[in-house]
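Listed next: structures, encoded as structure tokens.
Two complexes come next, and they have one chain in common, chain A, joined by chain B in the first and chain C in the second.
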Partner chain A sequence: MKKILLVEDEKALSLLYEEELEREGYEVVVVYDAESALEKIRKEKFDLIITDIRMPGRDGIELIASVMGLRKDIPIIINTAYQSYKDDFMTWAADAYVIKSSSLDELKNKIKELLFEKETE
Partner chain B sequence: MPELRKDILTGRWVIISTERSKRPDDFRPAPGTEPKAESLTFCPFCPGNEAKTPPEIMSVRKPGTKPDQPGWQIRVVPNKFPALQPGPPPPKKTKGIFQWMEGIGVHEVIIETTDHHQEMTELPVEHLAEILKIYRVRIRAIEEEYHHQYVQVFKNKGKEAGASLSHPHSQIIATPIVPKRIKEEIYGAERLYRNHFRECAFCRMLKEEMEIGQRLVYKNKRFAVLTPFASRFPFETMIVPLEHSAFYRNISDQDTLALAEALQQSLARLKVQLSDPAFNLVLHHSPNPQVSDKAWPGIENYYHWHLEVMPILTKVAGFELGTGFYINPVPPEVAAEYLKNTTFSKS
Partner chain C sequence: MIQRFSLQPASFTPESSKEMVLLSIIAQSFFQPFSLDDNLLVILTALTSGTGVGFNRALLFLKEGERLQARMWLGPRSPEEAQAIWSILSTPGIGYAEIVEHNRELVDRTMEALQPKLRFLNYNLDVPDLKIPALAARNQEIVLVKEAKKERLVDDNFREFVDVDSFLCLPLVAKNELMGEIVVDNGITRAPITAKDIDLASLCGLLAGNYIYTTHLYKKVLEMEKMAALGEMAAFVSHQLRNPIVAIGGFTRQLLNRPCDLEKCQRNLSIIQQETKHLEEIIFKISHFLKISIKELKPIDVRPIILSLLERPDLKAKAESKRLVLRLNDQLPKILCDQVYFEEAMVNLLDNALDVTPAGGHVYLRVFPANNKWLRLTIKDSGPGLDEKTQEKIFTPFFTTKEKGIGLGLLFVKRVMEMCAGKIEVQSKPGHGTLFKLYFKAIEEKGAS
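Entry: the complex of A and B
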């Protein structure tokens, strides 16, 4: 079973994502900030990371930069309500940029696509 | 999919991002959560991180090295998250009086050097000439492959100029329409050519600037660096080929060397005199010949490509936005004098 780390500070939203992604057959580990995410990444092995950008403390872009210092090979999806961060070239450290929406189809498709790419590398 | 929308009163086109979830606070940085690119340890443009960029379009690299691997000196890659979706020009749409089209274009990034901290002023002149040759190559390729009407080459340096990453880079955005600023320059040049000078207005201006000398900052055999007579911004400079040329796509290899020298002179003087300011560098050149030949017959006689360098020293405020009238607190003659008299340290 593929293991996904979900970094999302809005608890209600993280619950929704967790349920939806588990229904898709993934194991989902949820954390609410960048520090906890880094702690998890140091200790556990993940197949993919989904992160919000705006979070209390270190933001998602700082988190991605720190992940790059630990492991460059984990696919990362930025999942944010804000499209303006696309102008920030630091987001290139991620593999996909998804704008939050009431439908999770785009996010689910990106997850499948990136996990497939990783497997066939 | 973003949209290009036309303001029918002014003829100005705007890229409207139509993606979901825009809120007012999209534009309000939350306290302590602004990306701190400069303090981050990872850079997607640095060697070793090639996998984090889309596959390269072209590169200058050591013989025997493979694309998207280290060994490059300059790389051109598509923008991973582009302002316009890649593709050929879309058809124009209308509804009532409104005109728009799908936001399709080309958005590329030129990573200018492997060194995260090496600015244009510090590059060997031959290396900068290679970057300027790449501008030419990409303009031609985008015009010929995608048929977009205008290829804008630009560089943002420093946060105040809109750069999100300090690793030296330029950008190219090709649009399916000719932007209003460019059209205004072309129409102005055409009017002066046909009704007044019977020669290119830029060539005429160059002649007079050489005679006066007050706004001339630097000159080599092929290019002049000037502070324009009606500069909008303090210490704005313009780099103009001395020999008439409308199309940057035709610049010779030899001239890219002379241009590199002039550009470095311009930027180095700004850096010394103004303590390394943020700046925007833009290329203005004739639109795609497939369009120019029909829309502006004879453009090769009256338009003259040039580079504009605008240091970010003042803020565009209400008066400028309301009127299009700029208030420049530094007369270009004074700016030129400062820039001309720059003393470079020998270290």
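Entry: the complex of A and C
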């Protein structure tokens, strides 16, 4: 089973993503901030990371930079309400940029795409 | 031996050279408030004052779109008027400020009658057979016209308006772009325009062009700042709204697309209800924030306000497991503010302090006179403190460290402080809590109350 790390500070949203992604057949680990995300990444193996950008404490962009330093091979999806960060070149380090929507289809498709790419590498 | 001189030459004497007077007028114009009209008036004054370049009259055109429009005319209209004005202006000891002030009055007084005539002095710069004075502007060259009555290149309207034989056209240019034009003449004294006059006038033209240019630039910058703030706000508001909307939409989809047991249905519905409530709060707070306006500052006594604040149930509940330590002088000067806004600002600060202070921690609130001019109010928490990067951002709209925060609280406090002519400072270090210092202007007590 593929394991996904979800970094999302909004409790209701993290619950929604967790349930929806579990239904798709993934194992989902939820953390609420960048610090706990890094802690998890150091200890466990993940196939994919989904993160928001604006969060209390360190933001998602800092998280991406740190993850790149730790583990270059994990694909990262930015899932955020902000369109504007797409122009921030730091977000280009992520493998995909998804704008939050009540339909999770785009996010689910991106996950499939990235996991498939990784497998065929 | 020590000799002392005043910083600015206070008055002009007939012995001062024209260059000196001109330089002094222009230099002093920098002390004027940043208003285009004022600065242009200074230039026109420099061109026309007897001790300046010394033209009799000056007419100012501004470029508006692709047209050149007459805007301001400075100078006497008849020899009698000239006599009256020049005798005032040549009074010994009269200074630059008086001359500009006098000219401002003159312009104000004469503009009403002149306005209809000036309106006709309006030239489309795009037409092929453009005439003087507009032609000089378009070609960006200084033009001296003599025997204007015989010169076919001079516009008839203009000739009739100035009614003079000889005049000088000074295009106003900045960064190769046309800003306007000044036309000067000696319509009263009929004195010839000399090469030296032209040199000095061209200097004035250069300055006037740049004044207009910087004013345009300044306006543009203000506009851009406003747009940037608006853009940032729109981005944040849409983010704040999007999160609850995605949650509401997502859980609604679950309810519609999949059968669920009673428990899960109930849970989804209650999440939807909570998120809707959150949306309402966001909208309420934003509209409340946008409405801040203190119409009248009144003397207020902070002591009873603060004492009653500490009885508020919401703050009391938050302070339950923490210690709120109050130090309030018995004798405090009143301050000028608005009671409701002051109260709300205090609630914001106490709320923040209590939020970050862990159970068992202290929050200190102290109010005391800093000196006889200021009342000082400090709030110190025992929270985690703020690093430098965070400190820089705390007054930025929509910056928050709280999960459900909107990021308008401290900005609200800052705006209230500004409106009450106060100051707010922050001191913080990670691991050492945060200290907010507020300074309010103290009102001097008139007699014992």
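Here, the second predicted complex is superposed on the first by the 121 of 121 C-alpha atoms of A that agree within 3 Å, B and C clash if a C-alpha of one lies under 4 Å from a C-alpha of the other, contacts with A are read in each partner's own complex, and residues count from 1 in each chain.
As a working rule, a residue touches a chain if its C-beta (ideal position, glycine included) is under 8 Å from a C-beta of that chain, and two chains touch if they have at least 3 such contacts.
What you see is a predicted model; the values in this text were computed from it and never measured.
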Legend entry - Three-chain arrangement built on chain A, chain B and chain C clash or fit: clash
Inset, instruction - Could you look at A:Gly69 and tell me whether it touches chain B, chain C, both or neither (first, second, both, neither)? - result: first
Inset, instruction - Name the contact category of A:Leu104: first (chain B only), second (chain C only), both, or neither. - result: second
Inset, instruction - Using the touch definition from the top, say if A:Leu115 reaches chain B (first), chain C (second), both or neither. - result: neither
Inset, instruction - Applying the touch criterion given at the start, work out whether A:Asp59 contacts chain B, chain C, both or neither, answering first, second, both or neither. - result: first
Inset, instruction - Once the structures are superposed on A, label A:Ala81 by its partner contacts, choosing first (chain B), second (chain C), both or neither. - result: both
Inset, instruction - Check whether A:Val29 is in contact with chain B, with chain C, with both or with neither, and answer first, second, both or neither. - result: neither
Inset, instruction - Have a look at where A:Ala93 lands relative to chain B and chain C in the superposition and call it first, second, both or neither. - result: first
Legend entry - Partner touching more residues of chain A, whether chain B or chain C: B
Inset, instruction - Check the residue A:Leu16 against both partner chains and state whether it touches chain B (first), chain C (second), both, or neither. - result: second
Inset, instruction - Can you tell which stretch of chain B bumps into chain C once we superpose, 117-125, 171-179 or 315-323? - result: 315-323
Inset, instruction - Could you tell me which stretches of chain A are touched by chain B in one complex and by chain C in the other? - result: 54, 56-57, 81-84, 100-101
Inset, instruction - Sort out for me which residues of chain C touch chain A in the complex. - result: 235, 238-239, 242-254, 271, 274-275, 400-403
Inset, instruction - Would you mind writing out the residues of chain A in touch with chain C in their complex? - result: 9-13, 15-16, 19-20, 54, 56-57, 80-84, 100-104
Legend entry - Touch list for chain B against partner chain A, complex: 17, 19-23, 26-27, 30, 32-37, 40-42, 44-45, 49, 51-53, 80-81, 83, 109, 162, 164-165, 167, 169
Legend entry - List of chain A residues in touch with chain B within their complex: 53-57, 59, 61-62, 64-66, 68-69, 72, 81-93, 97, 99-101
